[in-house]
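Order of writing sets the chain letters: A, B, C and D. Residues in each chain are counted from 1.
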Amino acid sequence: MCRFVIYKGTSPVQLSHLLTRPCHSIINQAFDSRLRLDRRRPINGDGFGVGWYDTVYDEELGSQPCIFTSVTPAWNNANLIRLAEKIKSPLVFGHVRATTAGSLSLDNCHPFVFGKIMFMHNGGIADFHLIKRKLQSGLSDEVFNTVQGNTDSEWAFALFLSKLPNPHAKSFTPQVLQQAMLNTISALNSYAEEAGITEPSLMNFCVTDGESVVATRYISSRQDEAASLWFSSGTTFSEYMTGGHYKMTKADKRENIIMIASEPLTFEKADWMEIRTNNMVVITPKMNFLQIPIIDKFYVSPSDPAALNRGTDFAAAKGLLSPRNSLAPVQGREPAPQIVI
Amino acid sequence: MCRFVIYKGTSPVQLSHLLTRPCHSIINQAFDSRLRLDRRRPINGDGFGVGWYDTVYDEELGSQPCIFTSVTPAWNNANLIRLAEKIKSPLVFGHVRATTAGSLSLDNCHPFVFGKIMFMHNGGIADFHLIKRKLQSGLSDEVFNTVQGNTDSEWAFALFLSKLPNPHAKSFTPQVLQQAMLNTISALNSYAEEAGITEPSLMNFCVTDGESVVATRYISSRQDEAASLWFSSGTTFSEYMTGGHYKMTKADKRENIIMIASEPLTFEKADWMEIRTNNMVVITPKMNFLQIPIIDKFYVSPSDPAALNRGTDFAAAKGLLSPRNSLAPVQGREPAPQIVI
Amino acid sequence: MCRFVIYKGTSPVQLSHLLTRPCHSIINQAFDSRLRLDRRRPINGDGFGVGWYDTVYDEELGSQPCIFTSVTPAWNNANLIRLAEKIKSPLVFGHVRATTAGSLSLDNCHPFVFGKIMFMHNGGIADFHLIKRKLQSGLSDEVFNTVQGNTDSEWAFALFLSKLPNPHAKSFTPQVLQQAMLNTISALNSYAEEAGITEPSLMNFCVTDGESVVATRYISSRQDEAASLWFSSGTTFSEYMTGGHYKMTKADKRENIIMIASEPLTFEKADWMEIRTNNMVVITPKMNFLQIPIIDKFYVSPSDPAALNRGTDFAAAKGLLSPRNSLAPVQGREPAPQIVI
Amino acid sequence: MCRFVIYKGTSPVQLSHLLTRPCHSIINQAFDSRLRLDRRRPINGDGFGVGWYDTVYDEELGSQPCIFTSVTPAWNNANLIRLAEKIKSPLVFGHVRATTAGSLSLDNCHPFVFGKIMFMHNGGIADFHLIKRKLQSGLSDEVFNTVQGNTDSEWAFALFLSKLPNPHAKSFTPQVLQQAMLNTISALNSYAEEAGITEPSLMNFCVTDGESVVATRYISSRQDEAASLWFSSGTTFSEYMTGGHYKMTKADKRENIIMIASEPLTFEKADWMEIRTNNMVVITPKMNFLQIPIIDKFYVSPSDPAALNRGTDFAAAKGLLSPRNSLAPVQGREPAPQIVI
């Protein structure tokens, strides 16, 4: 399994507060077996990556994010530890990887970048080798040749790029990113159907252009739960007790920080709300947070009793389900208008 | 914590049967949380090493062992997987490491080699920084300059070499290796006492010259258990069920194979016997197996009720205690004559 | 540029005599600027690989070669130095790489392996991105999915496999390997022509099944020299002067050793003969050595004055031409019967 | 040999302009054999490091520099290339390494850091193994235990720290750093004399506290030249021709940029002035540049004819002498008052 975290804030965060210091960070979860989801193998021993945007735009430095990746474990990476103490950013993607597909190689580490767009994936495209050639045939030469590694995730990113009206555009509206994401999922579903693949694909994708963030919690199944996905929002994220114990504080109604993660990143469960299976969430440039159902043949309405019957065995077998005390849906938030694909 | 395994056989073993294929190997234990001892961090993400001797002596190749080490995790090391399929050896040391001391560096990976002598350690010398200079002052220039890394373990090996009458000797009797090992432990205890160190040191050391093997299960405490140490012997070690399920078979009275490991390497607990705390075991060139108490101020006789009262908290806190159902001592083997140091 | 060496002998060679000890080995050539061909960048800083077959067939170990690769420089690789001192083999491929194409990744290191077949490449397929998709479309799913990296060389190997009647065959005649090689070159030429590519491709390929060796010195041009390729044969290859000075000795008429290399591996130039541009050489299982012209539209007969006019600028600009004192063709060897493709 | 560069400017430099983009940077010099000084081995294949201070002090980030090191070659390090495009700093140390001493390990990569002090070395302490123990015996426990690797350079840094009145001080005057540097050299000379070492040591050291920079060009010999050291100053350092051709521009009398490097970093030789053998240079916080002779028994006055007779063979044999057209001393700068040690 993999794990990831997204941070978007009105103020920059020191990367160490997100990645290396919290005892409950995606990197340090590996240390504490109470937090271990995947009983098959240690997480994040197979490389990791972090990508971040500058706090202030600098013409010389450009608008693309910076990426740091490694094939040695994150928890013991001297460069990561030093960089995380010295870099601040208002928009960060972090990803730890277990090689479910693709070899151990820098080329296979998330996040992937194209211009100012950054992308990562938690999950797996079922029987990807059966649809790889079909997927490739639909790509432009430029996008086809941009792929460096050999993972389903990087090819899914290439597919996403091919769904954008112009991947070189200077800026993107959230709607453009959302639509490309929906089209990506739809295309992957079509390819799987054509190839007669019956195993569900786990498609928790995240993408950003440095301003908006779009993330999905999705599975191509009506019977199974998707890989877990949570979010938290508040005013400050800080250490309240030595030993790396962090929590989110909500000082007022303003939400200065929104975090999305494959599982809760603090021990304060109340701070974290689960994103519903087969939903997309959006963080707009102005920090609005939307949750939008992805209505297709795998969608089950929360009001449908079947929604409670999605089984957890599949995602659990892939090591992709976070522990939780309840299936309580996100409180206090009405679903945004539905989008049909 | 670290983990290690020793194999000595009358026939060579294909390294993959020892290291990469068994689901219960020191490398793969990390995958199965049922086998996880150390709740603080994933094992063996911080490098590993394997050392082996040739099956047949070849004058051109010499008598030193070959060593392969890596700082990337063993479970995903393409070179290890390929080499292990192609190399056979009658005497193998394997070691996986978590960096309790020393940085992530090839120089810090066990086993360490000097001429034909190979050495590894599981445990930790308490407050090593307080005795490092004292230890160094007792070494010859040659041994002092042979150290490449910065771990307590490698300096303990240097100390061991300094206790040999001649570390360049062409061969060593088991007795010479045993005595040097006892002197090493004794010296470390003296240094700790002089420095006023009260925390116990965990000294599970293994050494071989390619013919004899000497290993210790030792702690400088009368109240605590040492890090765990087990052995198994038999005629063949082979896969009895697909999926990497191995077991030791005892076809006749001959013991063609002796394995010593930080914890049982198969699910057949009956195949594994625990080595008593503060004992030394010896495999002679002719495959005799001896267990010898290390009688010093930290020794507690098995007949002394206090022997059952050694606490497991200390070793467990260091992640160095294997699970077990009973404290049953090694059956059917009389302790060899005691050695007093 | 890259460099490679092939060793095939009736007796096994200790890898260190081929790779790490000779001052003039493909690894150490980087140290001596007199030997530097490529003025653009240091050779072999971008990874290397070595593949070898067992001296004696062992049913448990199988017939596939063992591969060791690394992305850190070969001259300072502790594992390579140790392994090379301990491994002997009668058939070895060694390759050092500069990343003319593909990222720095283990997946991109030569030699590549499929079953018992081993392959490596020195040169470059011109404008490969323009023919990559066409090449891929002709591959079987199995071969398509076997590619792990992103280099022209590995895709050329996949193409070669697709030209074999059965890549899973237990053995191959030299003729089968030769024909597949010719078909590979022919297909690459067709793809380039269709794509309108005018820059020549440098196709020095080597392949073996563990018994026969087929290597090409080839360029898709009538005006330019191919990347250099040399061979030497003799009875023993040994150090005649300390400091890593090796030479080939011809004790009698028997040829126990044949070496093929991108440039001479000793200072004894007389020991090395140049393989003609656009020729294929074959070492048969019984150590016969054949040189066969590759007759296609890029072939120029040695009796044609134009043969002397091939320019060296192109290969030199790619850093792929070894120094030589003369263009003297291989002496004392009649070309074998021609093959037309 | 190693190579290094120091940048100090009134404005921050994008690291890529210093490290990765110039065709003549310390990283790219390896590509161009016209620039190769060391005929024995490729430079910078054995790891590199870069350290930099923040442009604006941020209380959360602290005043220590950030360090990025790697054991894979710098010219092909994807992380370095990406970071260098995104990081700006007013004070940068860059170092590329060939392993003349110490193994290939992150622990051995320069620059070394202690609190806010950063240090690097180009050269070698002759017969260091003969004085290592003596040097260590003079260190405080704290400094002794801070050393992670096994190089003469890191131990020289430890010695330097021990010569500071308080290595934990919040700030240092240039004079304090200068005096500690002189004491370090003096101590190394004493140790060598006691040990009867006759080979000269090459001691080009650089140190900074983030405000002042002190660098030495020094050899413990009256007959030989030290390893080369150059500086350049100007108003802007920018690319004047595509292909990575940079030059220093002097727009006015102000010196906004001072660079010190083991050899000229542009093809404009006139922009670079050589620092005299056995001199120390200082860049003050206010960007004054001082050159100060190091007067001891190895000092030869520039007015002494013997000064012109220092031989270049020794440094050249170590690969540590840059090419130059003349021995012209730094023009237009009077030596600062001498310091006697």
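Assume a contact is a pair of C-beta atoms (placed from the backbone, for glycine too) under 8 Å apart; a residue touches a chain by one contact, two chains touch by 3 or more.
Values in this document were obtained by computation on a predicted structure and should not be read as measured data.
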Report summary line: Contact steps required, at the very least, to link chain B with chain D come to 1
Report summary line: In whole angstrom, the CA-centroid distance of chain A from chain B equals 42
Report task. Would you pick out the residues of chain B that each touch at least 2 other chains? Result -> 78, 103-104, 106
**Report entry** Chain contact topology (line, ring, star, complete or other)
**Finding:** complete
Report summary line: The answer for chain D against chain B in the complex is residues 103-107, 129, 132-133, 136, 141, 144-145, 147-150
Report task. State the interface residues of chain D toward chain C in the complex, per the touch definition above. Result -> 30-34, 36, 39-43, 45-46, 71-73, 75-78, 99, 103-104
Query raised in the report: Inside the complex, what are the residues of chain D that reach chain A?
Result: 14, 54, 58, 60-62, 66-70, 78-79, 82-83, 85-88, 106
